[in-house]
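What follows is a pair of complexes built around chain A, which joins chain B in one and chain C in the other.
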Partner chain A sequence: MGNLYHNKTAQWLAYAAFFAVLAIVPMRIDDDFLLNQLATYGVYGMLALSISLCWGFGGILNLGQGIAFGLGAYGMAMTMQMQTQTESNPIPPLMLNNGLDYLPMLWWPFANTGLGIVCAIAVPTLFCAIFGTIMFRARVSGPFFAIMTLAMLSAFYTIILDRQAYTGGVNGITPPSPLQFAGVEVDPYSPLAYWTVFFALMIATVLAKLITQSSFGLVTQAIRDDAERVRFLGYSVAGYETMIYTIAGLIAAVAGCLWVMLVQYVSPAQLDVGFSLSMVIWAAIGGRLSLVGAIVGAFVIQGAQSYLGDTFLSTWLLILGGFFIVIVRFLPNGLASLLEAALGLFATRKPKSSAESNGAEPVPAE
Partner chain B sequence: MAGLLEIHNLSKSFDTIKVIDDFSLEVVEGTLCCLVGPNGAGKTTTMDLITGRIKPSSGKVVFAGQDITAQPEHVIARAGIGRKFQVPAVLRDLTVRQNLTVAFSRQTNPFWNLFRFRSPGLERKLDEIATLAGLTDRLGERAGILSHGETQWLEIGMVLMQEPRLMLMDEPIAGMTESEIEKTAAIFKELRKTTTLIVVEHDMGFVREIADVVTVMHMGSLLAQGTIQDIEADPRVRDVYLGEQEAA
Partner chain C sequence: MDFGSILNALILGVSIASIWLIAALGLTIIYGAAGVINMAHGELIMLGAYSSYMLQYYLGVPYLLCIPASFVIVALVGLILERGLIQYLYNRPLDTLLATYGVSLVLMQGVRLIFGSDPKYLAVPEIFSSNLSLGFLSISTFRVIVLLVTALLVLALWLLFYKTRFGVQVRAVMQNKEMAASFGINSSRVYMLTFALGAGLAGVAGSLFGVLNIVLPTMGASYVVQAFLMVVVGGGSLAGSVVASGVTGEMQSVFAFFTNDTFARFLIFVLIVVFLRFRPQGLFAKAGTRR
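== the complex of A and B ==
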């Protein structure tokens, strides 16, 4: 038997166990505030998952994941805001306060809840598809692509900050009541909200895992290894890079929607460079090559920040930075590689079979 | 019979240096053509131009009746040209099995590949090629740890997995032992029954054994072309290439 860490059946079992633990949580907790906070960690987990998919598996470092997250969040906030507008009061206050006495066209789709949510997810996804196509066709890659995403993020940040009458500027949008969906009010502090995030995270993780195990996932890993070589095998590298970048963007956009559902608030801070960088830090610390590792990274860092951040205040960032440096220096594949090494030790004590497999093919009864 | 690959008056300059100079070549389907010439003659550059890695300054490359000049690499590969690089290029972080699987590129569309978890015919083909390349016991290993000879074999195996109509092999036996070379020669002789090959090689013994046609390049142009006997008898070839080889 090879390293259990690379055994596909074991991986799926570990995923099942992980989500079983997350499913028990709401039954054990009757503090609404805590439940809401844990649900937001689930959203951060989705973001770390999207980074792991794009960066860990695709080799594309994306420092601007806040674009997809932020646009998704704004779309959701606009939808929720419009839900509270009535016929006698059709214009959101943020416009009236900024001297706009009509609903701008940008907001029209969000007057309909279904269409609004679809737009909240589709617009950032489409943006990723277009931006990715342009960049990857031109063979922009590695640090150059990372810098382009950073520049794009700053551009979006500035536009949203600047167009106060449309976006609420620095104050953002604060929908006064919770999301109404299909006749149900999704109270952010209810188990319903937690379950919504839980299922979104679980579906995203399972789909991401399936993607990494598909033929697409194998080609993507080949491209991460040596993009130049893969072209000569007949694969359009740009097509694959755009696809993985867009899928990651889609996950982040959904995360943005869920986040607003939980906090009833959005502002340019969600497109802040620092926030997008922390997504990368979560994935790096948890282990960018492991989807669940990245999610755990987000839980650990955000959890620590909530509880230790208050105690240490400004030194918290120093502690986080130091921790990050230690991980990058000594554990380049994050905390997940500790588990890999541990299981590896265990495996070497047993006679090793030569046909250990770790790829796109089914694992024989191991 | 028209050539499967036709190169018409190809030229390529880097800055002011003309590396390929009005080079023309026709490779007939079902033959094995050896491309020889001294170091720096432009053999690898010719392969770069055929496979789209670099774009020619002028001239035309026609494959199976289709103009492929300056097309993107993956389009040329899909048209049916597979290539082994001079410096063996395999995917070092992936396993041998994964390398061969990726090279089995019948379906290249990223969208459809999202929904594919096994390719029909893969297992049989993979077994066959792994056996041929002597890598059956190494399928689970990371390609980065293979020996030089094994890496050469893996890359040859990858080209075979692609099932191309034309195979370009840049110095396939460099770094191989005598017995490995013999095995390679046997395989190439088998391959030329069903496919077309262009092989760049310095080892004249190997060339003598496998070549149907030998093309000699010198300073970016065609110096001579013919059977191995013609070439070895050609005084110009002796001057620029073979003489230097015998001296070495």
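== the complex of A and C ==
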């Protein structure tokens, strides 16, 4: 028997157990604020999942995941803001406060809830598809792509900050009432909101897992390990890279929508460089080669930040930074690789080194 | 829109360029020579500002002596960082990026713990805080000082890289590490020294920026992305960074003249992404540099 960690049936069972635990939570908790907080962790889990998919399985380190998340969040916030506008009062206050007395064209689609949500998800996804196509066709990869995403993220951050009349500038958008969807009000503190996030996270995880096990996923993993060799085998490397990058962007955009649904707030801080990097930290600490590991990483880090953060307020970043350095230096595949090693001890025959060589070794730049 | 104000914008552009360049110099050396993406560069700049503050506040060292002293202090920090962490990650470029981001968190929070998050100020001699006016032109004296220091550093680096034995060794390691090693160059030592040198340059930048702006634990974050873009656009060479900073500094100033500062920054970011799409290797990439 090989390492249980690599057994597909065992993996699916572990996923089922993981989501079963998450499903029990709302029955055990009757604190609405805690439930809301746990739901936001679910959103962070989705972000970590998208990073794991893109970076762990596609080899594309994306430091600009905040673009997809932020644009999705802004789209949702605009939709929710427009829901509270009436016939007699059609212009959101943030525009009136900035001397704009008509609804700009940018906001028109968001006047309709359905169209607004579709736009909130489609626009960031389309952006990822276009940006990815342009970059990967030019064979921009590795650290270069990371820096380009960083530049793009900074560009979006500054433009949102600058166009105050359209985006609310540094204050962002604070929709006054919860999302109304198909006649139902999604109260952020209700179990309904939790279940929405739960199912979104579960669907995203299952889809991501299926993708990584499909032949498409195998090709992206091959590209991660040696892009040049895959290119010589006749695959369109740019096409595969764009696809996995766009899927990750789609997940992040949905996460952005759900996040605004939960907190009723968005500001340029969601496109801050630090936030996008913390998504990478979640995935790195949890284990970028394990989807569920990355999600757990987000839960653990954000949970620790909320609970330990109060006690060790002044040293939290110090602890996180130090821990992150240790992980990168000694455990490049995160905490999930500890589990892998532990289960490996029980394997009767030493498994082939396919797993060990997955990411620990340097990925050649070209 | 008269001629005078355009000229003023152009001169301001030179000053902006010198600020961007001095922030990027240390990074250029570290990235160009060792291929390390040092996300902690902004925090090394911040350390430079704080070491100047410390020397001035506790020991009463005159400001002009604080600049070289910051160089030495931050270079030592860089040396420790390289020996303790970076040297194990040279063949994992993405991991150096992440590890140095962890370092930047630690440095930022460490400084905040020691000095608190209230702003500090660096005092400068009287003559530096005046304005130079030349007819219709007016520019603060300190910005001229920054420009002069930047020019001096570029000259010194050029001499170091192209006229000394150490410079030849660095360039040899840059072009081909294994080949250089087979000629008896200790590449590990070269990496160590270039990293320390780059960190020291960040220290100098910090002691200057501490005067231009206030000194805060978070001040480094605003420089790092910008500095990176200069290095990447320049292709990792000294001349590349000089030209890249010059052009973007002027563009920033001219765009800001027609729109505003924030929108100008947005335009610059977008133009840089477009430029790198067509020339990912940067302005002056030498053939045969390892990538």
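Just so we're on the same page, the second predicted complex is superposed on the first by the 347 of 366 C-alpha atoms of A that agree within 3 Å, B and C clash if a C-alpha of one lies under 4 Å from a C-alpha of the other, contacts with A are read in each partner's own complex, and residues count from 1 in each chain.
In this section, a contact is a pair of C-beta atoms (placed from the backbone, for glycine too) under 8 Å apart; a residue touches a chain by one contact, two chains touch by 3 or more.
Small disclaimer: the values here were computed from a predicted structure and weren't measured.
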Touched partner set for A:Met243, first chain B, second chain C, both or neither: first
Partner chain(s) touched by A:Ala16 [first = chain B, second = chain C, both, neither]: neither
Which of chain B and chain C A:Leu96 touches, first, second, both or neither: neither
Which superposed partner A:Leu338 touches (first chain B, second chain C, both, neither): neither
Touched partner set for A:Ile211, first chain B, second chain C, both or neither: first
First (chain B), second (chain C), both or neither touched by A:Gly321: second
Touching partner for A:Arg229 - first (chain B), second (chain C), both, neither: first
Which of chain B and chain C A:Gln221 touches, first, second, both or neither: first
Shared contact residues on chain A - chain B and chain C: 362
Residue ranges of chain A touching chain B (in the complex, touch as defined): 2, 211, 213-216, 218-219, 221-222, 224-226, 228-237, 239-240, 242-243, 354-362
Touch list for chain C against partner chain A, complex: 37, 85, 88-89, 91-95, 97-99, 101-106, 108-110, 112-113, 221, 225, 228-229, 232, 260, 262-263, 265-266, 269-270, 272-273, 276-278, 280, 291
Complex contacts: residues of chain B adjacent to chain A: 51, 53, 72-74, 77-78, 82-83, 85, 89-95, 97-98, 101-103, 105, 107-111, 113-119, 123, 137, 139-140, 158, 162
Chain C contact footprint on chain A (complex, rising order): 61, 134-135, 138-140, 142-144, 146-148, 150-152, 154-155, 158-159, 161-162, 273-274, 277, 280-281, 284, 314-318, 320-322, 324-325, 328-329, 332, 362-363, 365-366
